[in-house]
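Same chain, two partners: chain A is paired with chain B first, then with chain C.
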Partner chain A sequence: MNRFVPLALVAALVPALAVAGPAEDKGLEIAKEADRRDTGFGDTTADMIMILRNKRGQESKREIEIRTLEVKGDGDKSLTVFHSPRDVRGTALLTYSHGVAPDDQWLYLPALRRVKRIASNNKSGPFMGSEFAYEDLSSQEVEKYKYKYIKDDEIADVACFLIERYPVDKDSGYTKQQVWLDKDEYRARKIDYYDRKGQLLKTFTPTEYKQFLGKYWRAHKMMMVNHQNGKSTELIWSNFKFKNGLKDSDFTRTRLTQVL
Partner chain B sequence: MTEPTVPSNGRRVRTYVDFLFKWRWLVLVGTLGIAAVAASGGRFIEFKNDYQYFFREDNPQLRAFEDLQEIYTKNDNTLIVVAPESGKVFEPDTLAAIGELTDRAWQLPFATRVDSITNFQYSHAEEDDLIVDDLVDLERDYTRDELDALRAIALTEPLLKRRLISDEAHVSAVYVRHTLPRKRSDEATKAALAVRELAADIENKYPGHEVHLTGSVMLSNSFFEASVQDLSRLVPLMYGVLLVTAVLFLRSFWGMLITLVIIVLSASTAMGIAGWTGIPITPPSSSAPTVIMTLAVADSIHLLVTLFQSMRRGMSKKEAMTESLRINLGPVFLTSLTTAIGLLALNLSDVRPFNDLGNISTIGVTAAFVYTVVVLPPLVAIFPIRAGKKSASERSNAVVTLGEFVIYRRKGLLWFGAAAIVFLSAMVARNELNDEFVKYFDESFAFRTDTDFASENLSGIYTMEFSLDSGEEGGISNPSFLEDVDAFAVWLREQPDVHHVFTLTDTFKRLNKNMHADDPEWYALPKERELAAQYLLLYEMSLPYGLDLNDTINIEKSSTRLIVTCDNVTAVRMRELQAQSEAWLRANTPEHMWTVPASTNLMFSHISERNIKSSLLGAFIALALIAVILGIAFRSVKFGAISLLPNLAPAMMAFGIWGMTAGRIDVGNAIVTTMALGIIVDDSVHFLSKYLRARREGGMATQGAVRYAFSTVGSALIVTSFILVAGFLVLTLSPFGLNAGMGLLTAIVLLVALGADLLFLPPLLMQIDKAPRLPSESQLPSPAEAAAQ
Partner chain C sequence: MPASLASWLLTALLCLGGATRASAQETPAERMEEADEKVRELQEPAPEGVELELTSPETTKDEAEWKDAEEPAAEEAPAEEEPEEERETFGDRFKRGDLFGFFDVQGRFFPQPALPPAPGAPVLNDYWFNGSLAWEPGFFMNVTDYMNFELILFGRVDQHDRNRTHGDIREAFFELFFNEWTFGFGVHKVFWGVTESRHLVDIINQTDLVEDFDTDIKLGQAMITTSYTSEKAGTFSLFVMSWERPLVFPGPFGRPTLPIPVDNDIRIYESRLKQGQISTAFRWSYAVAGLDLGLSYFFGTARDPQLFLTTTGAGVPVFQPVYALIHQGGLDAQYTIEGWLLKVESIVRGGQGPTFGAITGGFEYTFFQANGSVVDVGVILEYNYDGRDNNTFILFNNDFFTGMRLTLNDVGSTEFLIGAFIDTEDGTVFIAAEAARRFGENWKILLEGRGYIPQGDNVLEFFRNDSQIQVDIEFRY
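Moving on to the complex of A and B:
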């Protein structure tokens, strides 16, 4: 039984020790290809309903609107507006995501009529009490992980690449993520998240993919199941709109106060 | 007053013994084979190391606790207490030790959250920003002034002070939450061993630091260790008891060996069947082998004593065996039956480990009866047994003298006995029901000493958790709800024995202050609902992995968990505090906030209360059944009824003695009535059957019949009582308090019962049963023999 801890430690160290080899190169190539296929979308807006469920089956809903601006050479900019629960209506989050450096974030609190910078550089906690961590939802820049190709696999009869990726940020809640990307379109089909002790923590399953502008695929339903606490969160997306003509000036701290 | 000549069943017993002697090897090998198959189930025995197994699924306190955990988070935990020799936590090396512990604790099995003073998410204001970060930056070299500043922050933070840091900042704790899947029985042990390894590592790496471990994971693991210790320490002691008994009463090596074979077979058969049928082992059920061996010794001693007596009178081995079986088969069957009834009645207990104890012991007692009747005669045939010298008890006339004394002093004894019964029964009320699970473990357990250290220096594990409901989605931000919660926390903090109160309102106050440039004037609850909700959103966005508020707020944000930690208090005080808290909520808050608290500790606080009721019901049913059986065996309603008194009174009196001395009853004591009943009834069965035989067959008057009973079974009663008392006293050496307490109280009941049967029952018979002679029923077999058929 005492072997457990050393094993867990070894499991945690393996990615750090892994030197670049063919599997690593192939993993990175796959990640880059997936990223390449999603570039050039310009901007998007979409609505999202977040449904939280606990072990007793109780539910709670949050309604959110998200505007994203693609930024060449850096992470995307996004504006997240909360419509419900009622108490936080009009609260808005502005994010400048970056590759390896921590993202910049500001939150507008209408009740206080102030924009507050979220100064924590450790934002791996749950997003609005859900099973999604902020790091699961933020822009998935290629540089945020190291990669390794594992094997070809199938998810629901769809041929997939299975790759592992290891977060670069030491404050990440994960040691490892296993990502299944379908070979046709490089869309994520499933992600398993492993916690700091190397134990399976959550499984992410996006479904109902639809294509936009003949190129960009967006899942309209996402499920995150936490295997350890029995809670789950479902995201239901709608109203995807591309090329809305959003500009840098729509993603500033001043605009944050005028989202409604 | 000689033994009646060859009654009707004599011939059948003779045929039976002839058969066993003739086919002795076949019978022996066959039985051993069956026993081996049964015992081989031992490899499937499962050690349950989960304290929750103590509670049935429908236990209301367990249900409340499970509900709470399903709404928030599972709460299995380890508290790792770090005590620096310097007595100062805010020193670079101590902070480094705590920091390393905090980091590495994330790797512990099933760990899902780690809280300490170093990773405490300290929020403060800097210009217009809300900074949320670890309180202690482990990569920084702090100056003396900075360390003092950190100390000051920690000691003003209600979420840390008295929870993770002591008032004087001399010890600090790391709190690890484990989410045990509860799929395998070794989860807690796995976690506990890893925690110990980590603690030892830290102690090595940071000299001058002691690490103490407590919490529910260590508790569960200690239950496992207690089971193992009981099995490995008490069973060998039972062999010691057997040896002494054999020397005192049998004076025969082969007699001892036979007894040894019988008890080992009985105990291993019972444990094996427990393995086959999936009855798990817990500390209470780990005392089953000791209980079985104790009861089994009595069976074979009865047979062997008569065997040797008969052989000394010149009978051959086979004749003596026949004689012994003829005389003892009935009483041994009857006593095994009544004992089994008492043990089976443990199934009515609310505490599953005691159901298991009852069932395993019942299997053992039944096996002991079968082995005594089937295996003992062949063994007697095989071994070169000789009669040996008279044993101490046979040589002495003390029992006869005692009988004369009882007859002479019958009035006095009757009054004395009645007075003792009344007085001691009145003392029963002095007992209070008190289960403190920490005290189940004696000081040989690290869990006990570490937990004591933690509660003396920092924080106890006696908690109550309230889920306070605002009655509406998002209602935790409602100022009027927050004010109610805060008032409750304030009231709780004023109560004696309350050590710490963990409440969300403290976080709201701190955030409000942070949002106003850390102005202490603003350390108060937000006045507007939206403001409170948005503060909380901002704060939640700033928290790192694992340190979220999901264990304090439900997903609808409609209720919050408030945790009260108490000093080392008794279960009685705990229940009182619980009642007072519930009453306060009813008197001062709206109805949706009325609730019943839950916690591990509250489950145990109510365990004996719940159990005593089911135990008494069990005892009542067992008593009724036994009275019916005795009535049938004695063929007399009157004597069936009379037999109740010497069996009911000892339990009452023993609890009275307990009330005058110990005064605290735990769940182990609570089951004693039920279990002991079936055992003590044996003495009165033996005494009354001899008495009745003398009255009915010998045509004797009351006094003569008493004299006859004394001379024939007096010494046997003393001998078996000695064995039983010694066996249960072995249990008092258990490091597990429930078993020790159960053993001691049972031993007291047995002693009092012996006293009642020898000193009170005879005077009672002489008072009630005054008819010169009973109608002769010599044409009928004796009652005990009737039972044997």
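Moving on to the complex of A and C:
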């Protein structure tokens, strides 16, 4: 087949071997603590501007509105609505995420007024031509990964835990992610993504964290740099609103056709 | 294609290409520096055009301490001192009313000469080029948290076909929603179904056939509707409709067109109320795990008329459309597992000649990131059977559709779709290929080729010489 197969096999075995040891336990504890600190937010709405840049510095912009509903005992529900580019205005994506089980996703195409269930195994595909894969933007449930604590580290003089996490899903585009979480608030400060061949693929850097309801931290700027193709995608977030009183009935296939 | 047109197209393409902003070559390091600079800029107090809107001062605080550690520049301007004003972003656009829509410049090229409608008859549509312009202005407003209003109009001016020069109200619809319930009234479009090659179950709206033969484009339908959605029981919807629109076929100057014109002025309705007949429809749809299921029932005036040959007072042969009252039960289902979408649609219809059944079923499979690239390749195979024998105009009644979809996942959302219908009875083939790409933020170019390869006495024999290439340049706002 190809010469990467043995390497890919080794990489695939790594998570299998990484079970129960002090480093694994500590990694999982850190991930659980980060998750615990972000539970109870109820629901959020936010606006996002996505700026795509290619190697030559050409830019392309997308405007996206995101509504999220926290679901107890399951993955979150989310509604993603496109405002621009204007040819996809009103296109909306409804996602019921389910931790390890495949997500349910419906796409609404306003020109045809059609709601279409889409395949759920497209984890590693690019989201709207950006450097973010679908799995990078999906609900980050603890059980989606196996963990390992590596060491204490610093990012820009901020004390961090460095943990590695290994995706459980076989459709993931990654073998490994290195995550730096600051010790103060367990916020991600940097994530390095390693591709299926074990090579460094992308670096994610969230900045401009702001706190909401005295508890929840949200980065208002995120940068994803692809080291292999020289492209990057920047997300600029605004209008974060919490506890809007959103309900299950705001995240149905019926409502998907009524958002815009 | 004449040189002048080709050069005009080329110029247009170059202009569009120029719309995407290009800057000088940069190294990745320079880009990172720029990005860092931008971070610093963003941390200056309230820069122009950058949204730093926060929900409310009480619930939000900035962590200057942490920022200081990261960026010394932030020391000069601790974020807490920023005026926390409510800023309107694009997300609020729909609250105050969003104006949207598109302009379309369309050219259709016909490489072959048109055939006469009957031996020796004059050829009215023998041209190699047809140009047309369209505008679809829209307005959407979230009037209150539980009420939307949408208005979408459409108009096209066609160079040759007077029937294709037409206008429509696509939407003029108020919609209210209270938890599980929605209520709507006005002119609206509704789509039902799952398959790609044919939309059997979809019946609420009349097809805008002069816009496109592919039956994907629909006219608005006047209705009152309500629905109830619950996670456990699914969605129940009820539609009460009236003022059904006739199906408009291309006129004698249209291309392609039927060899005998359809005269809508002499159309007949089975209902004594004619267009005032009230049609009703009910639908239940449900989703569980990988399964999406829909059951529907329709009673009212048929959307697709039966066509009967007759003559005008002057002895000219024309088709007279007859709109029967029909009952139609429909089923649509899709099972989604990994990259597979397994689909089926089926109807049983009574009231239009003998009761008949029809089915469309097949699959779509997508190879995501095919061969290690970012390109998705989808393959579609569907079979169509239609048991009707009642003078309604359908192109295929026992045929396979096979298609392939290429999604490049690039900045311009480039997509290719190629598909062919193959008639299992006589081997007639209809083939279509489409390509679409966005340029810049607002422009879109669509290319489409269609070829008719009829065999025997297939109905497509009329279209033997009507293979076409279509170019659309759209400005979407």
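Keep this in mind: the second predicted complex is superposed on the first by the 246 of 260 C-alpha atoms of A that agree within 3 Å, B and C clash if a C-alpha of one lies under 4 Å from a C-alpha of the other, contacts with A are read in each partner's own complex, and residues count from 1 in each chain.
By definition in this document, contacts are C-beta pairs under 8 Å (C-beta built on N, C-alpha and C of every residue); 3 or more make two chains touch, one makes a residue touch a chain.
On a predicted model such as this, the values are computed, not experimentally measured, just so you know.
Peer 1: In the superposed model built on chain A, check whether chain B and chain C fit or clash.
Peer 2: clash
Peer 1: In the superposed arrangement, which partner chain does A:G125 touch: chain B (first), chain C (second), both, or neither?
Peer 2: In the superposed model, A:G125 contacts both chain B and chain C.
Peer 1: Does the superposition put A:Q228 against chain B (first), chain C (second), both, or neither?
Peer 2: First partner only.
Peer 1: Once chain A of both complexes is superposed, is A:F242 in touch with chain B (first), chain C (second), both, or neither?
Peer 2: second
Peer 1: According to the stated criteria, A:R114 is in contact with first (chain B), second (chain C), both, or neither; which is it?
Peer 2: both
Peer 1: Please indicate which partner A:V88 is in contact with in the superposed arrangement: first for chain B, second for chain C, both, or neither.
Peer 2: both
Peer 1: For A:S172, using the defined touch cut-off, is the partner it touches chain B, chain C, both, or neither? Pick first, second, both or neither.
Peer 2: In the superposed model, A:S172 contacts chain B only, not chain C.
Peer 1: A:N54 contacts which: chain B (first), chain C (second), both, neither?
Peer 2: both
Peer 1: More chain A residues touched by chain B or by chain C?
Peer 2: C
Peer 1: Applying the document's definition of touch, where does A:R255 land relative to chain B and chain C: first, second, both, or neither?
Peer 2: In the superposition, A:R255 contacts chain C only.
Peer 1: Given the touch rule stated above, what does A:G99 touch, chain B (first), chain C (second), both, or neither?
Peer 2: The answer is neither, since A:G99 touches no partner chain.
Peer 1: Just name the clashing stretch of chain B against chain C, choosing from 81-89, 243-251, 261-269 or 513-521.
Peer 2: That would be 513-521, the only stretch with clashing C-alpha atoms.
Peer 1: Across the two complexes, what residues of chain A are contacted by chain B and by chain C?
Peer 2: Touching chain B in the first complex and chain C in the second, residues 52-54, 56, 58-60, 85-88, 112, 114-122, 124-126, 128-129, 171, 173, 230 of chain A appear in both lists.
Peer 1: Quick check: in the complex, which residue numbers of chain C touch chain A?
Peer 2: Those residues of chain C that touch chain A are 20-26, 28, 31-32, 35, 39, 42-43, 50-55, 59-63, 66-67, 69-71, 79, 87, 89-94, 98, 100, 102, 140, 148, 175, 177, 179-180, 182, 189-191, 193-194, 216, 218, 227, 229, 231, 235, 285, 287, 289-290, 292, 334, 336, 338-341, 366, 368-369, 374, 376, 409-413, 438, 441-442, 444, 474, 476-477.
Peer 1: Could you list, by residue number, the parts of chain B that touch chain A in their complex?
Peer 2: Those in contact with chain A are residues 67, 70-71, 73-74, 106-112, 126, 128-134, 179, 181, 186, 189-190, 193-194, 197-198, 473-474, 477, 515, 528-535, 537-538, 540-550, 553-557.
Peer 1: Which residues, counting only chain A, touch chain B once they are in their complex?
Peer 2: Interface residues on the chain A side: 1-2, 4-5, 8-9, 12, 52-56, 58-60, 82, 85-88, 91, 93, 105, 107, 109-112, 114-129, 133-134, 171-173, 195-197, 199, 228-231.
Peer 1: Per the contact definition, I'd like the list of chain A residues that touch chain C in the complex.
Peer 2: Touching chain C from chain A are residues 45-47, 49, 52-54, 56-61, 63, 65, 83-90, 102, 104, 106, 112-122, 124-126, 128-129, 156-158, 171, 173, 182, 184-185, 207-214, 217, 220-221, 223, 225, 230, 232, 234, 236, 238-242, 247-249, 252-255, 258, 260.
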